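Just so it is clear, A, B, C and D label the chains in written order, and each chain counts residues from 1 on its own.
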Amino acid sequence: MNNIPATIADFEEYARRTMSPGAFGFYIGGADSEVTLRRNLEAYNNLLLRPKVMVDVENVTVATTILGEKISSPICVAPTAYHALAHHDGEKATAKACATVGTCFCQSTNSNFTMEQVASSVPKEALRWFQIYVQEEEDVTRKLVKDCEKAGFKALVVTLDRPRLGKRLHVLRSGFTLPKHLSRANFEEDKENDGSDSYYHGEMYPGMTWKDIKFLKAITKLPIVVKGIFREEDAKLAIQHGVNGIIVSNHGGRQLDSCPATIEILPEIIAACKGSRTEVYVDGGIRTGVDVFKALAIGAQAVFIGRPVLWGLAYQGENGVKQVLNMLNYDFRLAMTLAGCANVQEIDRSFIAPAERYSFSRTLARL
Amino acid sequence: MNNIPATIADFEEYARRTMSPGAFGFYIGGADSEVTLRRNLEAYNNLLLRPKVMVDVENVTVATTILGEKISSPICVAPTAYHALAHHDGEKATAKACATVGTCFCQSTNSNFTMEQVASSVPKEALRWFQIYVQEEEDVTRKLVKDCEKAGFKALVVTLDRPRLGKRLHVLRSGFTLPKHLSRANFEEDKENDGSDSYYHGEMYPGMTWKDIKFLKAITKLPIVVKGIFREEDAKLAIQHGVNGIIVSNHGGRQLDSCPATIEILPEIIAACKGSRTEVYVDGGIRTGVDVFKALAIGAQAVFIGRPVLWGLAYQGENGVKQVLNMLNYDFRLAMTLAGCANVQEIDRSFIAPAERYSFSRTLARL
Amino acid sequence: MNNIPATIADFEEYARRTMSPGAFGFYIGGADSEVTLRRNLEAYNNLLLRPKVMVDVENVTVATTILGEKISSPICVAPTAYHALAHHDGEKATAKACATVGTCFCQSTNSNFTMEQVASSVPKEALRWFQIYVQEEEDVTRKLVKDCEKAGFKALVVTLDRPRLGKRLHVLRSGFTLPKHLSRANFEEDKENDGSDSYYHGEMYPGMTWKDIKFLKAITKLPIVVKGIFREEDAKLAIQHGVNGIIVSNHGGRQLDSCPATIEILPEIIAACKGSRTEVYVDGGIRTGVDVFKALAIGAQAVFIGRPVLWGLAYQGENGVKQVLNMLNYDFRLAMTLAGCANVQEIDRSFIAPAERYSFSRTLARL
Amino acid sequence: MNNIPATIADFEEYARRTMSPGAFGFYIGGADSEVTLRRNLEAYNNLLLRPKVMVDVENVTVATTILGEKISSPICVAPTAYHALAHHDGEKATAKACATVGTCFCQSTNSNFTMEQVASSVPKEALRWFQIYVQEEEDVTRKLVKDCEKAGFKALVVTLDRPRLGKRLHVLRSGFTLPKHLSRANFEEDKENDGSDSYYHGEMYPGMTWKDIKFLKAITKLPIVVKGIFREEDAKLAIQHGVNGIIVSNHGGRQLDSCPATIEILPEIIAACKGSRTEVYVDGGIRTGVDVFKALAIGAQAVFIGRPVLWGLAYQGENGVKQVLNMLNYDFRLAMTLAGCANVQEIDRSFIAPAERYSFSRTLARL
């Protein structure tokens, strides 16, 4: 019997057994009845694959780019809060693993280590993005952006889908709050976390509108990526406001429950961005190499993974994150091989089909 | 660990543990195999949300009106029988909670307290409606209507879907009857409940037809709302008979089993009422703020909740009902916030989509 | 707590607990993996009801006719083998219950009592049909038909869907055979059942074709009803061969597994019979009054129930069958009342809808 | 109680109880989350049968041909590796059972006995095919083909869907490797299996393309059958390259997960081959006679079964395989009888329908 994790679920299982229930619940939970959380995972099953055979797949490469920067595979790391709940090295460990593997790490505003700490733990050339919760007070936002530039982050990811916090039952039930020894390191005033309410208070800014994107563009040259777009109208507004990328996301099912799965929204956003130079990415529910393959076949430039990285951290810190990324990269390469694609450019729509395409009422009609 | 109820299911669970099984079964049960009862709940999952982002939702208000009267939120209380099974203050407690929260309380014909008792327990301006089972003997109906006017109720809700009682297995199996110390207070002869058969006998009137609406309109100036309409033809007849409102309802799945969910019937009735001044409401299976949001997005003016109020009563009487209403109002406001609506007028069809809209066979066709 | 059966499932549960496992398995089982058996039951859930309200349903009558004979309700008794496995009075008990209730009893070829025994146990005017397995030897068939006429049966039901016996796992696994003290009473040679193989041997006639219907019509004036038709082509052939009625049946899922549910086949057969004078009935999976209502709304003249009668027999013999029939009749009347139909002629297609009609993609399109 | 296996699941259950968990896991497992593995089985349920009645089915014959050779039934044996894991006589036992039953045995490249050993264990005329993994080194391939011709195999089955091995969790978890006393007998160098890595190393050739089919055709006159085609484009390429047959297969769900079920792909491939002389077969998930009937109704010339044969081997070696084949043949004949087909030529599309054909929204529309 072999105990090395063979799937993301194995890492998750390890985290479930070893983390404190409150912290694990904070990580794993979604909003309300978690309809969207489950849908993010299950929707992938409604897309089927159509392998091509007799293609030379001796040498398959998964390398690609985002916003012009090379990455070793299209599997990047989504911004998630409080990595130190899983491992004391927190975001530093995650950043290092990403650097070694050669993919993009997106740090959350709500990290337990500062941008500077994270930046200095990895080689300069390691690709890092920063996820920013724009703040009501322009000065606070301005400072975050400046810190970010200074620390060598290559893009700002503006999260749009959290004007207020979703209702997360795991957290309400466990009463989880950020442990005293941890803080939201990027905020001065939070350094003295008194353990009472740090989970809820803070950086909400329900008044944010497109004007805030204009403000950001005025104060920085960094490319802007928006995260959490659900409709084509909003995708078009994003393009009009000059954003460089869109992450199709529903915050891992943690905000408004009863939204579609992100992989379901992706085609609408891809369609809306056709002809523009805005890149489209997706996160949510990606757990296998086949999932990644499907997202790329729809047209995503890359994908971001949230929770799997946290399970890797809980498993073995930096080394665990590396294992998670390597496993997904390996499995993605295998999916390409078995589907008959030697590089990511070859992955196109012909390799996927809605399950309905195979309903007998359609297929028998051809006979 | 935190034991304050976080969902309606938590209140229900409390009631299940603390009420007598017979009374709880009477409350929770539906007719036959409860297909419709379950469908009322599950149908909501077939509607998905399409949030708009970058909307200023700093100040979100859920206030609205029904039949011209202001209510603090579109979540009203449906008529349900025998509140004293859950708490000795019965309908008085419910009415008080509604008055405090500022929403409409609809009292059932089969209440354990009289209209007068309920009326005198709340401020005069508290909005109350009365649900009437029209009686075969015109005089009995006439008396009910007069009592109702005297007690300051603002509308008559005529229930149409109960010519005879549905077959409710919980009650048949438990042999539940109304306990001796309780009565159907609005009926003189019932004041001496002998505990034998009060559940079944009584106010059935299977001969009721539209002529009875004419009769009601002849004897009162109160607005008339009909409850339990399943087809557009009947909605049109209702409009022709001058009713002021329609509650789309299947009696919480307690009458004819195998009917569609109410949220499924709602669009047909809304369409039939287009152009008229009849308001349309819906009840059945509403358990979250997101459910309310969906009903309003289809076009309901307001929603009514049945069982959740009974669980609140069982939990802590008046205070429990208040908690139930406040929770739903809070969650509804949160849903609006995360969907990008600052007031109920902004909630329109663009915010919802049938799950089928996101089937890959439709969405991939756009690429 | 009240132990009187409230649903057909309650009777079934009683039979499961009290019958020998082998006999119960013989009764309840279907062929192969019982896909069709389950489908017979579940397909009813895909039809929804559309009640009409404000109809005078003070007096609802369920009486109707089949082949011109009055029956007190459209719920008749399907032919099933070996009633003495459930109760020592066997088919005599069933026939008596049907006579009292006033509905049609269809006796199986494979009954444990002879036609004469059954006939003499009920009043002359009690409506009885005889289900015949046409035999390879014309003389045996001829004798069966003559006995049948003599015993006052009013129609011959020719079963078409059993050229060989389906593969029934319950029976294969239990090794069930007809107990020694019982026999297939209508066959001389079977009177001496030696308990070895009576279940399998016997009356199979895989060479039967439409010519055998011609033969039957040549030797008797009794109306002919065929049982087990799956396609419109065959329905049309049946009409061409002058049959008087068709029972849409899949033998209770006991013959070819993976066939559609009978309620799914019914519309095709009804459509094929339009314009002819052939009556169409249906059996299979009918367990509630609502099921009966749906079958009639599609256009069935009457329905036949198989297993529920056997559970009634196992419960209390004749009295148990009466309870089963009375319960279904009561529930069917209640369904009519709540749907707004005062007699069976009023039950039409407008009262039912496919569940798909209520899919939000259809209903929201109307707004 | 009767313990003779009555279904394929009974054989499987026996194997599960008696084989070593590692070997059983190697046999039963699929790739990744086994979506395709399950789909292979479940997709059959979406096809329903439409029996014809009143057909003379006294004499039903299941005999047919493949590539011009007579077989006693269209149920053939798919190539599966390492039969000696189930029974020490391995492929010899399987081949003998097939010879006795009169069907085609397809030996895997990865057999535990050599082609010669298998050939010499059965009568000369027994139909055998050889499944070949084309090797990177032309000489190795050439030798395999020559051995194959010498040993009297009648066709080469070229497997296309395994450029690399799928990710099979059962094997990863158990750490299963081929036991030391067994080898891949057709390969000289493997004769000395050291038990370390024989499962993974070896015959992968990810560079295989259609040129390799040309090569095969150049060196042998044996008919070529390709196995593992998923798209019509590839079926057409296969025809262009002169292949004689196509087995629609997804390797029993062991290669790329998330592919459609083979029975779902079959119609597309049949349609693509219309007009050509290429025969189309299917494997994957066939467990009952009804499944076989459906595949033939779509247009397959024959079907191949994989795992059921392994369960038969584990049950009683040669005798167990015979029982498996006889059971399936018996059940297939029964399905034909009950559907109203006296020989396989009569099985056509009219006998099957997509489940959707019976959706009430389609069927009620006809009334």
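Criterion: a residue touches a chain if its C-beta (ideal position, glycine included) is under 8 Å from a C-beta of that chain, and two chains touch if they have at least 3 such contacts.
Not measured: the values here are computed from a predicted model.
Colleague: Which other chains touch chain B while also touching chain C?
Modeller: none
Colleague: Going by average Cα coordinates, which chain is farthest removed from chain B?
Modeller: Using the mean of the C-alpha atoms as each chain's centre, the farthest one from chain B is D.
Colleague: List the interface residue numbers of chain C and of chain D, divide the shared ones by all numbers used, and answer same when the ratio is over half, different when under half.
Modeller: Both copies touch with mostly different residues.
Colleague: How far, in degrees, do you have to turn chain A to put its CA atoms on top of chain B, rounded to the nearest 5?
Modeller: Between chain A and chain B the superposing rotation measures out at 90 degrees.
Colleague: Using Cα averages as centroids, what's the distance between chain C and chain D in whole Å?
Modeller: That pair's centroid distance is 41 Å.
Colleague: Distance-wise, how many Å sit between the C-alpha centres of chain A and chain C, to the nearest whole number?
Modeller: Chain centroid spacing, chain A to chain C, equals 59 Å.
Colleague: Which positions in chain D are in touch with at least two other chains?
Modeller: Touching at least two other chains: 47, 353, 355.
Colleague: Looking only at which chains touch which, which shape fits best: line, ring, star, complete or other?
Modeller: Drawn as a graph, the chains make one closed cycle, so a ring.
Colleague: Which part of chain C faces chain B closely enough to touch in the complex?
Modeller: 1-2, 6-7, 44-45, 47-58, 288, 290, 294, 331, 334-335, 337-339, 353, 355, 358-361, 363-364, 366-367
Colleague: Going by the contact rule at the top, pick out the chain A residues touching chain B in the complex.
Modeller: For this pair, the touching residues of chain A are 32-33, 35, 43, 46-47, 160-161, 163-164, 166-167, 169, 172-175, 206-210, 212-213, 228-231, 233-234, 237, 255-261, 264-265, 267-268, 270-271, 298-299, 349, 352-357.
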